[in-house]
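In structure tokens below, several structures.
Each of the next two complexes has chain A plus one other chain: chain B in the first, chain C in the second.
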Partner chain A sequence: MGSNLRTYIARRLLLVIPTLIGVTLLIFAVTQLFDPVQRASLYIRDPKNLRAIDEVIRKYGLDQPFYIQYFSWLSQLLEGNLGWSQSLHMRVIDALVTRAPATIELAMYAAPLTIILGIRLGKLSAVKKDTWVDHFTRAFAIIGWSLPAFWLGIVLLAFFYGGLGIFSPGRLSPWAEALIRSGEFKVYTGLYTIDSILNLNAAVFLDALSHLVLPVTTLTIIDVALIMRIMRSSMLEQLGKTYIIAARARGLDEKTVVDKHATKNALIPVITISGLLTAGMLSGMVITETIFEFKGVGYFAAHAATQLDIPAVLGFALLTGIIFVIANLIVDLLYAYVDPRIRLG
Partner chain B sequence: MRLIDSESPRIKELKFIWKRLRSSPLSLAGLAIIIFFTLIAIFAPVLAPPRGGRDPYMMPRFGFSPTPRPPSPEAIFGTTEGQYDLYYGIIWGTRTAYRIGLLVVLASALVGIVIGSIAGYYKGVIDEVLMRITDIFLAFPSLILAMAFVVAFGRSLDSVTLALIIVSWPSYARLIRGEVLKVTAEDFVEAAKAVGCSDFRVIVKHVLPNTIFPLLVMASLDIGSIVLTAAALSFLGLGAPTGYSDWGQIISLSRNWITGAPGNPFAYWHTYIIPGVFLFLFVMGWNLLGDALRDALDPMMRRR
Partner chain C sequence: MNSMLDNAEKLRVKDLIVRFYTYEGIVKAVEKANLNLIKGETLGIVGETGSGKSVTALTIMALTPPPGKVEGGSILFQRATGEVVDILKLNEAVLLKIRGKEISMIFQEPNAALDPLYTVGDQIAEALLTHRRAEMLEAARELEAVESRGLWKILKNIPYFRERFKEKLLKKAAHKEIIELLRLMEIPDPERIINAYPHELSGGMQQRIVIAIALACSPAVLLADEPTTNLDVTVQAQILDLIRRLKERFKTSVIYITHDMGVIAELSDRVAVMYAGNVVEVAPTREIFKNPLHPYTKALLDSIPRPGSPFKSIPGIVPNLVNPPSGCRFHPRCSYVMDRCIEGTPPLIEVSKGHYVACFLHGGA
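Right, the complex of A and B next:
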């Protein structure tokens, strides 16, 4: 590891701190759109306790100048206190934690599928430039990119669930849900496809998997265009470079030239776009989970939003902001590691 | 033969772009779709005359029964939940889409131009501070940040518009800043400063006109995605009220009917297929145009 890379990593890691402070500041700024009484009510669990509102205002310092409030808000945050969710009747942090496995499970299937499919299609499109394969994949990309996720979900649900009677909404069928709650089924991770394997229960595994088909398909169709377009243009760029001509001139067969030489270099820009993919997936989760009643973090946030459950929505927004910042950090570090111009520079 | 081309470079550029656009069938398709929707939006009062004395954006109802009715001569696209006339809602929904798309793009481009040119022109500390603020807004997925603002402002279409402006301006600011940095390094800017032009005049007269084309590409691609996000927020129940001519809201009315009637699973297909196709085509039209514009303006791809 060169010293250049080390300074780059150190600088990039340091940059995360101000960004995270900024993220909390912005969310805090949204809370400041409300007056102290409104903000105090966000901490109150029981409407009967509304009389204690002055006490809450004093306790949380809600009538103090904003910078003092920011620090007390931040210290609450660091203790995990994101407020009380009226729509779920539990602490926002608990709601996020209990619903995280569903979203993680969805992402665990959708993200790799999107990336692999995007890379393959983009590569295919570039290698077969200006043939019908290229036109077809490009048309597919632009359609996927323009499709409203919520509408795609509705159409898939109408066709498969309404029409064919398969792939029902939810995470599990009622019988499997009952089994999981019965205590005979041990929940290790909350990711049902993994837990069912650990319980050696094939029926639950297949049930959980069949409930994942439509949401994963929706997320993949919407987001695959992003990867595909980058892969196609980056592959085209590589294929036009002199080292490719040199490789061909040395008599290497086309497969080696494409797979061993061009693809490897073409993948570098795909890494940078993965940050954007994370954002696309996070937004996609809100829509997809709502349509398919897949009760993860996104479903919770969308329902909280319709009930104007402010702490829940802000807690969720803060969480996605932090995830996005970390994803971008990982992308940059990976990029520095992969790109020899930075690694050795 | 003229030795000096008297035509303004920007007119030449426009002609060149038009030549490129004309040669690509996809971009012509995009243009045709956009013209189609623009005509619908302009002639909405003729295509679907509102009944006097009520908000023209509220869809008329054929009774109050919840069950949607299929297309008929009376309501050519049928009715959706609550007997709202789908045809009327889709026609006027085009205006809603345009209003949000154009308003958000214009307002956020304007904010972006001001912030971006200040940052790019003055550089240094001002640039650093403005760009770090911009970064914070870009540190959230835009749909989710918009959702947080809508909840804070209260549920309405105006809240959605305002929230989308708040989350959209940073991309414009970043783009303009980059362009301004590039342009201010050119000699003609130095020359303008040397003859004593004020900063304001240099920015407005000499720097900004050179950033217009990348801005156009971004705006055109943005209209599609902003209309999509706005529709998603309305679909979630955060935007337009029930019965308002808004494609996202209209699609959300179909949610209870996607499993169809007993023995006929696709009995209510019109309630989701028709508004969805219109929304999809609108977004695709703008995406096709933006894509073509980007290719036409990409210096790597042009042959001159």
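Right, the complex of A and C next:
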């Protein structure tokens, strides 16, 4: 039995390789939508200097066949070189490394909160089907789901920051940023809530946390409906199954029937959507990051895209691709953990 | 009728009415059904799909599936203490003590009746640890001296691990009992099967597990809802044989639901025939086959395929129970139909000893 699981994991890990190759191919194919002149023009200061364009094209091999360009990009990639971002004036890899922590920190709080709340509400809604609890929960979720992030974000900002003067935008207050720049505060991860704990600095921790409140609330209110509705329908489906009647007929109390049997089975489809939700958050939340000046991956990806900064866009796309590949891997491994039919089948 | 049970009776369903509130209308699934179960007997309930057999069985456990509602009648049941209760009037706390302990149920699709995420051992243990906890704790206490070795000797003094240790002992005590049960179910290699997941077993094996769960606490009544319908014929025979032998061993009264007259003939002492939510005839099995009185019972017996004779089916279709036919619900399909069958519902009356029928051809004022 154990060897089946090992084979499953090995097979699943091996599958990552062709998937990643596919991802890089797809991402790089985007460059071919632009002709070499368009791609080179970003690096030219003087629009009349046509000779400079030719030079750039020749220097970077922009007129080479697709596969040669692809392999040279790939070999650079394997050395950790994602190119130069003209719009950010830094190497793409550095841009990613400096922007990622903001996004990761936001997702680190928003994703678990959304998932746990969604599961709880979905379960409650299903167990209390067609009562006012169910109607209220569903109405709340649908309203959240239909609110645009820019609207909800601005309303929350106007109320809390504008009205009450709390929860300011940005990742830290000016004094905390000054402290970090002074070098007295050591940055380990770039996730300020974690770094402040490692520095044993409660003031910075509370400051970082208070800056997270509004963006995390915005994301949670909007996305919780997604998890909730899947959980509700999945739970209702499970509650109608024969094994639930059988569990009741065995004399199990309602709590055991719901928590031990129905919920565990109902969670299986929720795992998939939770993985995708988390991956989606980790690969940047353009609108939320912009409204709350939470300068993460999404904020800069959008900026680079409007500047036609192709190396930066490729780098961000690659990061997103890798995040989704890893998220799917984790989802599949979780499946095997929860469901013996996959583990042993 | 009185609200008591006769000495020989274990269970009586009286004038049971169950209705389902659906968007298409109110489905009158069970309408004034009457049944009784004698201690130690096997009562067969026979009828087509939609005749209300399964709903009646589930209602006996007070597990009427939603959107069904019990709208009338009573289900008298003699508990192990001798006390007679109306199941429909009991609160949930008492019902939890009856379900799985005094009345158990086995199902048509064993695959669907087992939770795919837990081992079969876990699911049998649930029944044992719910209803026979005291006994299992006793057995666990005996194991304690043997199991208190190594690290556990120290750990069991810490409150958290004390609980873990108790769980472990309980599991071990249950394990022994489960292996014993699996042997009784004639399951080969029980030490391996106990750790198997439902999907790893064949349909016949799964059904044996479902039966093991049902019989884990020696219930007085076993409700069998077409337990062999979805199994291969050879496996069917084995399971029927097993049920018959286990019934003797556990001294259980059985209500066996089926649409298969062959199974009825083989297994049951008495038969109740249901049609469109009504019990139309009740009689000892020999009597039903020899002297069927209700036109529906006759038609049902005629429809058993026999070699050499043409296949006969009952004309017409099972009525829509949202708007059931007036009077006797069988009248649109009955070849003996009279005016009074359309106007009034015939009561179930005793025409000879132990033979009840609900038909105006055989009396009824």
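Note that the second predicted complex is superposed on the first by the 299 of 345 C-alpha atoms of A that agree within 3 Å, B and C clash if a C-alpha of one lies under 4 Å from a C-alpha of the other, contacts with A are read in each partner's own complex, and residues count from 1 in each chain.
In the analysis below, a contact is a pair of C-beta atoms (placed from the backbone, for glycine too) under 8 Å apart; a residue touches a chain by one contact, two chains touch by 3 or more.
Treat the numbers as computed from the prediction; the structure is a model and nothing was measured.
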Partner chain in contact with A:338 - chain B first, chain C second, else both or neither: second
Which of chain B and chain C A:261 touches, first, second, both or neither: second
First, second, both or neither for A:27, with chain B first and chain C second: first
First (chain B), second (chain C), both or neither touched by A:161: first
Comparing the two partners chain B and chain C, which touches a greater set of residues in chain A: B
Touched partner set for A:248, first chain B, second chain C, both or neither: second
First (chain B), second (chain C), both or neither touched by A:113: neither
Partner chain(s) touched by A:37 [first = chain B, second = chain C, both, neither]: neither
Contacts on chain A seen with chain B and repeated with chain C across the two complexes: none
Parts of chain A lying in touch with chain C, wherever the complex brings them together: 241-243, 245-254, 256, 261, 264-265, 338-341, 344-345
Touching residues on chain A, where the partner in the complex is chain B: 18-19, 22-23, 25-27, 30, 33-34, 142-143, 145-151, 154-155, 157-158, 161-163, 279-280, 282-283, 286-287, 290, 301-302, 305-306, 308-310, 313-314, 316-317, 320-321, 324-325, 328
List of chain B residues in touch with chain A within their complex: 26, 132-133, 135-137, 139-145, 147-155, 224, 228, 231-232, 235-238, 248, 251, 254-255, 258-260, 265-266, 269, 272-273, 276, 279-280, 283-284, 287-288, 291
Touching residues on chain C, where the partner in the complex is chain A: 58, 61, 63, 65, 92, 96-101, 104-105, 107, 109, 112-119, 126-127, 130-131, 197, 199-200, 210, 213-214
